[in-house]
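Take a look at the structure set out below.
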Amino acid sequence: MRSEYILKLLESGERVDGRKLDAFRDINIEAGVVKRAEGSARVKIGKTDVIVGIKTEIGEPFSDMPNMGILKTGAEFTPIASPDFESGPPREDAIELARVVDRGIRESECIDLEKLCIKEGEKAWEIFVDVHIINHDGNLIDASALAAVAALRNTKMPKLEKDKIIRDKLEKKLPLSHTPITITVGKVFDKFIIDPLKEEEEMLDSKLTVAVMEDGKICAMQKSGENSLSLEDANTMMDLAVKKSKEIRKLL
Amino acid sequence: MMTEMRKIVVPGEVLGDVKEKNSGYGTFSEDGKIISKFLGIPKDSSGYLSVVPLSGVYTPRRQDKVIGFVISVEKVGWVVDINSPWTSFLSLSEAVDEFVDLKRTDLRRFYDVGDVIYAQVSDVRGSDVQLSMKTPITRKLRGGVTVKITPSKVPRLIGKEGSMINTIKEKTKTIIRVGQNGVVWISGEKINKAIKAVKLIEEKSHIVGLTDEITKLLSD
Amino acid sequence: MGMKTDEKLIVKGKRVDGRKPDEIREIEMEVGVIPNANGSAKVRFGNTIAIAGVYGPRELFPKHRQEADRAIVQCRYNMAPFSVDERKRPGPSRRSMEISKVTRLALEPVLFLEDYPEMVVDVYIEILQADGSTRVTGINAASLALADAGVPMKDLVVALSGGKVDDTLVIDLSGKEDNYGEADIPIVFLPRKKEITLLQMDGQLTPEEIKNILKNVLKAGETVYKKQKEALEKKYSK
């Protein structure tokens, strides 16, 4: 049984593709892959393939943040990406991924939302970050978050002429302040692993996703998986995530 | 030392050490300790620590005697509600001794929807229960009324060697059958009084001095 | 997180509602508030009020969702429309679906699901009044409701939030602190083994600050555990 084989390897600190426990697969980041979007990026981590597109609209600011632009993040786990994905409205995993990616961007203050205010209390730019999974081979959150940040860095704002959005001429770049890097650490037996394959993910006891800023501060965390973590585990996983984030940050 | 109430434990509470005692019903062992699984009353009997839950659904076990309600008649048997998330089935072969020609016989001749039966659990597999009406004690219960109590309180209702239930039967001149699944069937004279007694036990099963309260209720 | 205010959230070492940084709000817990449910409880932390109802273990339909060797847990976290300042439209939101998921994962590890093959344990959490830390308040209620329902458990489940407000590490965030503070960390853990089953965070903190908060919350959670135990015992001491 393949899954037993994978577990056996993990127990002795090895992986089915020969990687070290804390090693990422090959990562490929390509920006600007969707020309009609205001911004976009495609990230491949091994066989996991994710595209994020950025669209802008004009909307009404939230009543409790009247002078700030609006950020909305969505994710689609479309059936082409995996036999496990079904058609229909996003289910809890897709919703969770979107919200975790959103949290990394929002809490790090990645986008200068204040600069996106057009008229306080009435009009502001709405930034839509849409994650589209193309192929699922594990570690969707890290790939999506990385693609989101790459796409935001690639985003240019359309012109606004008398309430009309002119998308032909994209000029100014989206005002960005910080770059969050999201790393998910998995735990199985007493081992901590980075960038699990889909078949490894199914074997994990639990996961901790951590979004890290340039200065090493953490701006978002999400524990997932069916088993509990000790305090020591949580601390170890946090530290490992911060360490790996530095590597990934260099790729952008 | 007199206590008003029997001690109650919560899930996760440590009851003892595996070196000194054994893990009985309602407990599990972890890291050398015996721990409660339920909110309930702890008991120590012959070196076995157990916990009687104060609530919870009926979990069927082989040979349990239960009172069930026939809810549908199928091709080769009957589906019976035994007050439990387990679906129970009484098959024709476990209900009737004689040969039955299925083409010519309407099974409702034996048991129909709404019938109340006192049956025995013959098998439990996954979430399915097989019942039997072949042991001598099993029978159809005609007339009377049924009352439901928390299954874990059945022993208290029955009492030591039947003392509690017999007292109720005598004083109210009723016939009472108690299913281990928490269904109680009562027939006879002072049915309402018997029901009151049963409900009092359900409410106060964990209180010391219950027997006196029951005696008082029944003498009024 | 993320909203801005000029108001100071900590003045002379005291929080907006007069609490010290490591003080938990007034806690009220009551078990058995929904007669129809197998188990139920109402929990209040200051002005946040949650009710939880447990139905089950019970039969699960459709059949294809059944697991042969264990019960599954279904969890629904929902906020009543009147629970917040600006009326919330009824129905599930993306936020409530995410919270439902992390709540289910917070509770599952503690239940003996193998005892109920092919069945389901349904946990419903309703937030009646929201003033910060709603998901942990709901989970404390769910812990009591599960015990009340007689579902076998390895331990009770303790939930509490920690965070940072005006540069100060705090425990049990109220609504204002959640909105205007620097970080909010809801945590759920099993008291006997101190194992964490829910951990989320938003805001900005150094890893050291997070580790401190985790340590403090695990310690402060002992009070919440005591309250749960008392509430369960109280139901049966009448």
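Per-chain residue numbering starts at 1, and chain names A, B and C are given in the order in which the chains are listed.
FYI, a residue touches a chain if its C-beta (ideal position, glycine included) is under 8 Å from a C-beta of that chain, and two chains touch if they have at least 3 such contacts.
None of the values given here were measured: they were computed from a predicted structure.
Chains A-C form the pair with the most C-beta pairs in contact.
Central chain (C-alpha centroid nearest the global protein C-alpha centroid): C. With centres computed as the average of Cα coordinates, no chain lies farther from subunit C than B.
Once the centre of each chain is set as its mean CA position, subunit A and subunit C turn out to be 26 Å apart. We define each chain's centre as the mean of its Cα atoms; on that basis subunit B and subunit C are separated by 35 Å. Taking each chain's centre as the mean of its C-alpha atoms, subunit A lies 54 Å from subunit B. The set of subunit C residues that touch two or more partner chains comprises 190.
Considering their complex, residues 1-4, 86, 94-95, 97-98, 100-102, 105, 108-109, 179, 185, 189-190, 193-207, 210-211, 214-215, 218 of subunit C touch subunit A.
Here subunit C touches subunit B in the complex through residues 38-39, 56-59, 66, 68, 112, 115-119, 147-156, 190-192, 228-229, 232-233, 236-237, going by the rule given at the top. Note for the complex: subunit A touches subunit C at residues 63-65, 90, 92-93, 95-96, 98-99, 103, 106-108, 208, 213, 216-231, 233-235, 238-239, 242.
Partner subunit C is touched in their complex by these residues of subunit B: 5, 8, 10-12, 14, 26, 28, 30, 35, 37-39, 53-57, 59, 85, 87, 126-127, 150, 152, 206.
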